[in-house]
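Sharing a structure below in structure tokens format, with a few things to ask.
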Amino acid sequence: MINLAVFGVGRIGHVHAINASGLGSVRIKYLVDPIAGEHQAHLAARLGAESVSADTVFSDSSIDGVIIASSTDTHAELLLKAAKSGKAIFCEKPVSLNFATVEAVTNAVNASGVSCLLAFQRRYDPDFRFVRDRVLSGDAGTLEHIVMHTRDPSPPSLAYIGHSGGMFRDQAIHDFDMARYLLGEEITTVYAVGNCLIDKAFGDAGDIDTAMVTLTSASGRFVQMINCRRAPFGYDQRLEVLCSKEVLYVENRPQRGVTIADVSGFRGSPPMNYFIERFAAAYRDEMAAFVDMIETGQVPLAGIRDGLEAQRIAEAAIVSIQSGMPIHIGPDWRP
Amino acid sequence: MINLAVFGVGRIGHVHAINASGLGSVRIKYLVDPIAGEHQAHLAARLGAESVSADTVFSDSSIDGVIIASSTDTHAELLLKAAKSGKAIFCEKPVSLNFATVEAVTNAVNASGVSCLLAFQRRYDPDFRFVRDRVLSGDAGTLEHIVMHTRDPSPPSLAYIGHSGGMFRDQAIHDFDMARYLLGEEITTVYAVGNCLIDKAFGDAGDIDTAMVTLTSASGRFVQMINCRRAPFGYDQRLEVLCSKEVLYVENRPQRGVTIADVSGFRGSPPMNYFIERFAAAYRDEMAAFVDMIETGQVPLAGIRDGLEAQRIAEAAIVSIQSGMPIHIGPDWRP
Amino acid sequence: MINLAVFGVGRIGHVHAINASGLGSVRIKYLVDPIAGEHQAHLAARLGAESVSADTVFSDSSIDGVIIASSTDTHAELLLKAAKSGKAIFCEKPVSLNFATVEAVTNAVNASGVSCLLAFQRRYDPDFRFVRDRVLSGDAGTLEHIVMHTRDPSPPSLAYIGHSGGMFRDQAIHDFDMARYLLGEEITTVYAVGNCLIDKAFGDAGDIDTAMVTLTSASGRFVQMINCRRAPFGYDQRLEVLCSKEVLYVENRPQRGVTIADVSGFRGSPPMNYFIERFAAAYRDEMAAFVDMIETGQVPLAGIRDGLEAQRIAEAAIVSIQSGMPIHIGPDWRP
Amino acid sequence: MINLAVFGVGRIGHVHAINASGLGSVRIKYLVDPIAGEHQAHLAARLGAESVSADTVFSDSSIDGVIIASSTDTHAELLLKAAKSGKAIFCEKPVSLNFATVEAVTNAVNASGVSCLLAFQRRYDPDFRFVRDRVLSGDAGTLEHIVMHTRDPSPPSLAYIGHSGGMFRDQAIHDFDMARYLLGEEITTVYAVGNCLIDKAFGDAGDIDTAMVTLTSASGRFVQMINCRRAPFGYDQRLEVLCSKEVLYVENRPQRGVTIADVSGFRGSPPMNYFIERFAAAYRDEMAAFVDMIETGQVPLAGIRDGLEAQRIAEAAIVSIQSGMPIHIGPDWRP
């Protein structure tokens, strides 16, 4: 039996706790969320877990791993404590909004020898995995370029924007990760344009709502990204991978399998709304991978260094917009 | 150079005349349409043709073939005259609304040795041909059953209904023909239900507006047909052929290649409206086949006996609705 | 807290038990399956349930309801016992392969006053519900006719065929139910054709593998059904409802949201395979409806009389194939 | 009657000549193509035209307009002669591979007062027009950003590459034009990356085979382009316009309306192959617009200045790749 503690039982922490508890060999022993109140109590009752403070978790030697799904500003400290106390780590991205902190924590976790799964759940999505596997199999030929669309169904609140780190660190970071993952090599040049085309208020909050990014990889292959805080039809999350023999597309998943036809044409359903629904299978599979990592040592699809490298690209994109220039990056580049 | 005469220059006759004139080796010498007036004069000028009476056509030995696209009640007489005068025949369906006449004319044309293309243009449509060819190639496996949808974009006028011969002889006859053509064998049992679900006025005119038909072939395979005088979205003309290894679908062809996405979902274009647009390529190809028949003796995809056999099924469907019983047919069955 | 007992923990009973246990207010107290052995022990441990005999269930006054998912030949007796002991009933279709038994049990259950949900899960599927709701709302206009496709991914074993009651009672019964449900009225004429086009061995077992059925409703509206034991691409489960303003389609749900494009075209994913996956949401929702029926008296979407009426149509379809005639049915018709 | 002369009767000149001759009021009087030989003679016979030298055309006062479809290196001189002799001009893009020449010719044509349609045929395509009209109507809301895909079905020959001016001047110029056209304003920043990912031989010829371009407009809106000399499935020509209320997509047009379903899924047809087929309607409509321009003075959808501005963006894209920097352009920018 694997004993786990969950930090943060908001929307995504709740999903992770339920998914972990559904795995036969797992016991959610502790929940840690100073502000969740009644919701935490309810979830604790359902899971047979106890609501405790962080210290209890790290001093309990029966705890095998921690799930860090609390607010971003708590991640770094929890990662360091988990590394120090030898608990296996499942951590939501990003590690920190401060790149130097990300780098320091990454180094510390790596030095500790503790295994860590960084929650780029898209790597675990069956559709994205199918594409990755097909590229690796060679059936599609050589990967030449990638186009990605990420558009939220509607803009977040200004309050959220304020502590999100901005669109690149918050939303586009999944695309930066997917670019590296599918290419199988590092990005060396980043060019980004961005603007507030939906609502000027995002600009007052220091952010943008629309961006286009071009990435060039070490071997000279290309990635284009369209990132936006709104699509009129809902959540737009697509991938197009051009290889020499095939083009592979991850399409949006519709809410319904119903088409309505009338004089205006054939109306298909809007896509699943929103990431909790769209990536339900990915969240289940990544939690199973976390438990598998603890039980068998199986290396997860994304580790803590992947968080660092994706964030390096995000930082470069921010600098690119500020400077109007393409940014050349490498392992020593820092914002 | 092939010299042709066109009988009837209404909508479909106009299409045939233009298509024939676009073939390098063809000259449209005569147009015959007692009621077309100015339209005929205009078309004659465009084609360099002469407007004449039927007698002129049949007594002119330079005429190689006739295109019969006049009203249905004139077909039988023109077919007999063409057979007698040795002109190759292109004839719009149906030969006659009277089955005994169809049978007599079919026999006379066959006895004359004149070659005849009966205008079941769907056999010449590139999509339907693709399906037919794939079935014949064996790649799809053994054909087991067929489902066909034919729905007009909107009901015809009551005036049209009055001399159309009814939905089976007028519209569904193309499906009866396609069933025989794809199965490669004769139909032996016909069961049909029909009603006026769109407008009771069609019933007063002795017709129906909605029908469903089940056909059983000599070897025990099945066809289902949905026939209707209206689809809310426009012209619905589809085919589904289940074979042991593949299902082959002929889909509707959209008017536009534009999708509009908004909060209600993804809206694709309505289908092409109507048969003149949908089957434009088929009309061109069947006219080329007619000229090829004259020039090289190439047997066309549909001959006059195909008109007789499709109409036999239509007659049986009418009797089935009247009697409420399945009708067993064979080469000797007559309504 | 609602206490339930589950009869039969095979594939579908397992799904029902898990779904019921996931509802906050439910306790699965008993499992009853004389042949499930280790599988039952494992499930009992997971759910905190006890493996007992049927008698224990019916004599325990704390049991609020029973889930009957055992083999068809046990349904009638369990239904009668549940009715007698006043337990709410969730019962898999069919009630019995013998129509007289279905009728007798239906009458007994109705007379007992016990509430009963008959598991036509398709009524609870979100896509089918969406269509039903849209028809009821009037937005689609008047329903005129229906086309349904049900094709299994591959034929069942001959052993299964032997005790299945045949394709109409086993598979097509869901379509008969959906026809009644969407039309909101009874079927009065049934015409069916059937044959063994996939494998003659099904014929030796007294069954067919391919059927086409035409239903006429009391008000003269039509339904066409295509039923088959195999589609080359997998599970084919579709609905098309033509109304005066809209056509509503329930499409197949793809396994993956990935398209592969190469020189042969654009390849979309096969459909979900098979009903357990396709109707996962429907099974969850119908179990929630069962608990809701117990807790609040909410009438379920399908009751025991719906099983009787769907089976009457199935029996008529069988007689139609045997006799080659359309069968006229009403509340007094029996096979 | 409008008298026209056609310069160049290669693939596209042939299309234009046939389309023009199909318009009721047009007579193709002359064909001018020093190297077309027998093909020209055949076409001349079909159209009742005469094969002459360029001088004959410009000294014949009955000629109302000229269609310039000869090789690119002849465009500038023919444009100047047409402007001088007062003939209305239909000219294939580009005006010249040399930007200074484009500018000089544009100024000369504008100064002459001769009307000129520059053949950006995509503006006349019914699908692209539908999108443009919908944006202009306001129904879609405010246009925010655009994504365009242009991929050829297979790379051109190295010989073609050598005199094509490179991928930006030859292929992507249509996308640069469409960007300006849909945005309704000028582009001010151009960033491009490019490489030879398909075949290094294109690099030896001084060209690239894969490019990604980001455009920023005067008001700060964005366009992303994917340009490639090959798509594994054929000709890929798509547009996606995100507006505040709707996203509008121009999809590829399939060759066939046939889907094949088997165990590997649902296979749709490859797209139309190639631009001659895909833009057949556009070519007809732009020729009708040319005749309309002559007859009624109707301003065409694209004039000679549009050629200049699209080419300015192409030149900036080339400089961007060479320098690795975004290029800021305006009316005074020159390469």
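Letters A, B, C and D mark the chains in the order given here, with residues in each chain numbered from 1 onward.
We adopt the following convention: a contact is a pair of C-beta atoms (placed from the backbone, for glycine too) under 8 Å apart; a residue touches a chain by one contact, two chains touch by 3 or more.
Treat the numbers as computed from the prediction; the structure is a model and nothing was measured.
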| item | value |
| --- | --- |
| Touching both chain B and chain C (chains) | A, D |
| Most widely separated chain from chain D, with each centre as the mean of CA atoms | C |
| Chain pair with the higher count of C-beta pairs in contact (A-D, A-C) | A-D |
| Separation of mean Cα positions, chain D and chain A [Å, integer] | 42 |
| Between chain D and chain C, distance of the C-alpha-averaged centres to the nearest whole Å | 58 |
| Junction residues of chain B, two or more chains touched | 231-233, 245-247, 261-262 |
| Complex contacts: residues of chain D adjacent to chain B | 126-127, 130-131, 134, 140, 245-253, 256-262 |
| Sites on chain D touched by chain C in the complex | 231-234, 254, 261-270 |
| Partner chain C, residues of chain B touching it in the complex | 141, 144-145, 147, 149, 151, 189, 191, 193, 195, 197-198, 210, 212, 214, 216, 220-222, 224, 226, 228, 231-233, 242-247, 324-326 |
